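To keep things simple, chains are lettered A, B, C and D as they appear, and every chain counts its residues starting from 1.
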């Protein structure tokens, strides 16, 4: 399950996507919008994606983590304007044991941040806004 | 939030317990009953706890992970008879960034398995059952 | 007279109920046993007495520890004079 | 004649719409620009032409890459003759 969506993320659906009778360990990561960044009060963040490529790379990130660990992955990434506390990303990994589940989950969120064409514009309490620095592609 | 309960675990409640406006990273671990163990087909697992001490040690496990990482922890552990796929444990960790959240979550589930007075009796498809080996206390 | 019965309770062996958990319930003794515990009985001594009671099943006790509702006792710790006592085999939560 | 217009499409520069993402939209050029792209134009050449268009704002392009809907192009790759083109500044998902 790979999802890039304007709708609220649904952790239960991602959990269900990686559950299996042989999976004893499920690891999850959720990213949430924080109220501060580098000393500035944040009220919201807009997530923008280059959509078809972002979906393709999300699927690659999941497939690479699956190949490296044997775990099953599901990833959902939010787009649009999110308020403080809303979930921007949810990664779920299911595996027979916890070691692989943790490793797959951590690997996927790290790779995702490096490679998926998504950008964040922070909106500050003082009315200003700014795009965040990121990782160069290619 | 520390919970030792006969009722189904509620991941959303644990997520809410570790969410905060300053928490950008939330890591979770769920343990689920597997359908096989050491080559035997498992149909259910009974979790038994020495209740007051188990609750106290779950709270200590959470407090130690919090002290070590700065993350906020919530832990729920199930008791009673669980079918394959049901969640036996859920650990939630919230922190400003993902590194501390993952570290806290991993540390808590590892320590929990070593120290909390809970025992598992596996029920097999062939009608037999057996207590699992574990970690010596004290 | 209250003062005398109090002294007796402190200095004489008492019958204490000791709860059994996990695989210890497979010894055929149910989920608790009654043991005589004196004011200077240590956790190790209680576990040895329990091993005698277990007889042929005493192997089940390997790696077990005595605990109260608030702590796991060291082998050399005195058994507290009151409160719940439990013998805990190696644990297996999560 | 179809064969001639096809040849023209392959050998002559065409005006292509190039989408801009993230901070590149702060250059004052909106969310896309139109650029002339020839059959031998590379990704690096397209990005240099875009830098000229950005003028004083060209610093925004630092670390950016040209991409199609299915891949990020190397600097030396030829710009494909059809399909969506997008310039992607350093990414920041999660």
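The criterion applied here is as follows: contacts are C-beta pairs under 8 Å (C-beta built on N, C-alpha and C of every residue); 3 or more make two chains touch, one makes a residue touch a chain.
All values reported here derive from a predicted model rather than from experimental measurement.
Student: Give the fewest steps needed to get from chain A to chain D, where each step moves from one chain to a chain it touches.
Tutor: Shortest path length, in steps: 1.
Student: Which chain is most remote from chain A in terms of Cα centres?
Tutor: When every chain centre is compared against chain A, the largest gap points to C.
Student: For chain B versus chain D, what separation do you get between their C-alpha means, in angstrom?
Tutor: 51
Student: Would you kindly tell me how far, in whole Å, the mean C-alpha position of chain C lies from that of chain B?
Tutor: 28
Student: Rounded to the nearest whole Å, what is the centre-to-centre distance of chain A and chain B, using the mean of the C-alpha atoms as each centre?
Tutor: About 24 Å separates the centre of chain A from that of chain B.
Student: What residues in chain B touch two or more of the other chains?
Tutor: 31, 109
Student: If you look at chain C, which of its residues touch at least two other chains?
Tutor: None at all.
Student: Got a list of which chains touch which?
Tutor: A-B, A-D, B-C
Student: Enumerate the contact residues on chain B facing chain C in the complex.
Tutor: 31, 47-50, 52-54, 56, 77, 88-89, 109, 112-121, 131-138
Student: Hey, which residues of chain B end up touching chain A in the complex?
Tutor: Spelled out, the residues of chain B in touch with chain A are 11-12, 15, 19, 21-36, 84-85, 96, 98, 101-102, 105-106, 109.
Student: What does chain C use to touch chain B in their complex?
Tutor: 19, 21-23, 26, 63-65, 67-75, 84, 86, 88-94
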